[in-house]
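Supplied in structure tokens, the structure appears directly below.
By written order: A, B, C, D, E and F. Residues from 1 in each chain.
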Amino acid sequence: MSVGIVPGSFDPITLGHLDIVQRARGLFDEVIVGVATNHTKTPLLSVEERVRLIAGAVADLTNVRVMAVNGLLVDFAHSFGATVLVKGVRSARDLLTEDVQAQVNYELGAVETVFLPSRPGLAFLSSSIVVEMAANGANIASFVPDGVPDAVSEALAARRDAPTRTTG
Amino acid sequence: MSVGIVPGSFDPITLGHLDIVQRARGLFDEVIVGVATNHTKTPLLSVEERVRLIAGAVADLTNVRVMAVNGLLVDFAHSFGATVLVKGVRSARDLLTEDVQAQVNYELGAVETVFLPSRPGLAFLSSSIVVEMAANGANIASFVPDGVPDAVSEALAARRDAPTRTTG
Amino acid sequence: MSVGIVPGSFDPITLGHLDIVQRARGLFDEVIVGVATNHTKTPLLSVEERVRLIAGAVADLTNVRVMAVNGLLVDFAHSFGATVLVKGVRSARDLLTEDVQAQVNYELGAVETVFLPSRPGLAFLSSSIVVEMAANGANIASFVPDGVPDAVSEALAARRDAPTRTTG
Amino acid sequence: MSVGIVPGSFDPITLGHLDIVQRARGLFDEVIVGVATNHTKTPLLSVEERVRLIAGAVADLTNVRVMAVNGLLVDFAHSFGATVLVKGVRSARDLLTEDVQAQVNYELGAVETVFLPSRPGLAFLSSSIVVEMAANGANIASFVPDGVPDAVSEALAARRDAPTRTTG
Amino acid sequence: MSVGIVPGSFDPITLGHLDIVQRARGLFDEVIVGVATNHTKTPLLSVEERVRLIAGAVADLTNVRVMAVNGLLVDFAHSFGATVLVKGVRSARDLLTEDVQAQVNYELGAVETVFLPSRPGLAFLSSSIVVEMAANGANIASFVPDGVPDAVSEALAARRDAPTRTTG
Amino acid sequence: MSVGIVPGSFDPITLGHLDIVQRARGLFDEVIVGVATNHTKTPLLSVEERVRLIAGAVADLTNVRVMAVNGLLVDFAHSFGATVLVKGVRSARDLLTEDVQAQVNYELGAVETVFLPSRPGLAFLSSSIVVEMAANGANIASFVPDGVPDAVSEALAARRDAPTRTTG
């Protein structure tokens, strides 16, 4: 049985991410969404919250699971017998970044990466764009799965109220 | 009467920005420079300071106004009856970023974006390059309007003296 | 009265080109579509045919005219009192090419170029893609204005029958 | 049984192409190499010659077949029950071109395209680079499968002797 | 004594090329301009004409020689004891092409390539842009060395009069 | 005697950096590695530590020195009689960034920059990739010079233990 991994930060998941997950199902018997614990940036949403929101978005998709990735992505993939990662690429700029990550994962664990080009109407979407829109008061409901707008609003409100941050 | 918006962070304004403002005047009856309140990065200069420096730089240009943008840029544009934003693009890398912002603003408020290619001699200029040069002791007077060198120097000095910063 | 020029080869016109013409109308009082006589490639359609097809496509758009460009584009623009060209950019690759043309036209005649980013659903469209699809038997009716599919079919048939071509 | 198509001109096949075919075997039960009949450029090698050279290169790879593509690529894919194309991308420039082709094939026949990034040591290889090297007298044996150097040499010699070409 | 090669088609030489030659003199004791015999495109100017025009342009520059390249560029370089090529890069698009050529030359003959970024005011210049401008009647005297405008005009006139060309 | 500067943050040095230093030795009589004091990001390793690690890596390379850069890079270069910087470029994205820095240094001090394309097998390597790999538990010994893995491990451990950081 073939297994493909869709890795990402998903902070938060967008309809662009969800489209990649759905299309990955056409390539593998099982798809596992791997939610990265990012060591270099403070995420808006906790890993648990991000996993919960994705789980809600893929609840109707058979053969899709969601899990947090601890440690190296290649070890995560190997633990499920997976040797292929699936990444959406929205532009040439994305490719230049993802190409490097693909080679890192190939060097570290012989894990292959396949790229799916974003659907045109979704190519502008990213987690950071969605957060920026919400922070400026826009309604993001048409860009993200159910539950995400509320989670982002709450996290942004909590961030504004945090007394100890010095660089916001 | 046609109105065009030139949005940006302008932290600080450079001669590259000023060139875009001047060329935008050839496309619209009135040009409004919209100074973004940036939610994700701590600016070097306050919004008020940035507005003040731009106002000085465009004092001689008729039909140009400068204002801070609060909330969504599309709402700001609509409040002036504007449906077009003007952005300078210095390189293909700029386009990939601006293209996304353009689509966001079209999706959120049917606001169009037109791109003006930077003049070759100004294409290397950006706010962050100017700040980096000044932080390293370079004289930036030939890259920015009058008043900006002093404002940047003072802000850099204040930043160095700030006792509570932990990641500056 | 402001006049903008939308230049191109239009061999043939696509719905992507038509979208740029329509959006250019929001920027100028009058829009002139300038059909290039290309000196370096043999076009599929004659200049007259291309002008005729565009004229049909813009028949309902007030304040839009179509004309062949002979000689330098900057001279063509000046003859109508126009100092601004409008070009669609579909990708970073387009920008790198158009940026050069923009500077040429600025150097030769102080003519400015503004770029409009293609709408996502139209960004894959180009004259050459449409011709390639038609040459392989695809129905191109949903990608081009009325009249274009027949004109392209006839031109491709004529090209196949041409007895003297050695490199077609 | 899943079927993937690896389309291309393969004029001639290189070790870069062969690497993509081998990696595509990890994604599908069967892989079909589809050799394009190119309508817009005169190929160096005939379709039959190109199919023959690829067949030799993949003779040891089970579940790989080679066939000429006549008509639309999406019709070719459908005739084998395939809904996925596999393309190697060597750089951001490749992506910008392939992205467009991917959308064309999705629009015309709901056929998906997945991209595999070229292995670093093979990313400089292309059919045209190989032909250019051979035309300048270089030994191309380390860049292409067996049989290709002789076929290219003969075709280049024939091209030089052709009496009727005026632009070759 | 260090020797650097500046290779190119120079069809015709522009002020952008000349700037690269001058800057290459700061890196090597001797600079040799290598004029490629291009196997895949019909040049506008003969190799002899191109060499003659470059020789005129560099007549005042000591330690610069001009020669036609026959066969492989790496063999040409080796014959002068040179192991470094110098290429101007005008944009990211140039880099993607030149990067491939650099690796080819490294693979074929251990010849290194260094890139010099074009000066901003010259970055739009290329041989093909200059020819296109001249073909449309523009005065190209401010973009190319002395002698080039006349040579290009004569070659364009001869091309127009050629009775046997079918695709010019 | 010609002197070339290889500037960078080297936080930490990778085998990709070391390859550029070695190749720069073929272009200049003496090579000086200039370690930037970065004003905008908190480095993982102190300047002294970075200088020490590079010094160890180049100990066997004659005519190579390592020094910290204080103030403007152009002043640093001038103090050694150097007028040329050498930078590795791994991709088109790198070029777009480095091109700007090159022009800044030319404007500020008439210092030239030459670019060396990364060797394919090293092009994915960067300081940030190496740190990210190490932070996730990967063994980075095959990507960096001796001594670097231990230094990075210690610095990451110290960062995790720091009690006062608020933005990690």
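In this section, a contact is a pair of C-beta atoms (placed from the backbone, for glycine too) under 8 Å apart; a residue touches a chain by one contact, two chains touch by 3 or more.
Computed from a predicted structure; not experimentally measured.
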Once the contact rule is applied, which chains count as partners of both chain C and chain D? A, E
Taking the mean of the CA coordinates per chain, how far is chain B from chain E in Å? 39
So what's the Cα centroid distance for chain A and chain E, whole Å? 47
Two or more other chains touching the same residue: where does that happen in chain C? 91-93, 96, 99, 103, 120, 124, 166-167
What chain-chain pairs meet the touch criterion? A-B, A-C, A-D, A-F, B-C, B-E, B-F, C-D, C-E, D-E, D-F, E-F
Chain A contacts chain C in the complex at 91-93, 120-121, 123-124
Help me check something: in the complex, which residues belonging to chain A touch chain B? 91-93, 124, 126, 129, 132-133, 135-138, 166-168
Across the complex, what residues on chain F touch chain E? 2, 23, 26-27, 83-84, 89, 92-93, 95-96, 98-99, 102-103, 112-117, 120
Taking the complex as given, what residues does chain A use to touch chain F? 39-40, 42, 71-73, 92-93, 96-97, 99-100, 103-104, 107-108, 164-167
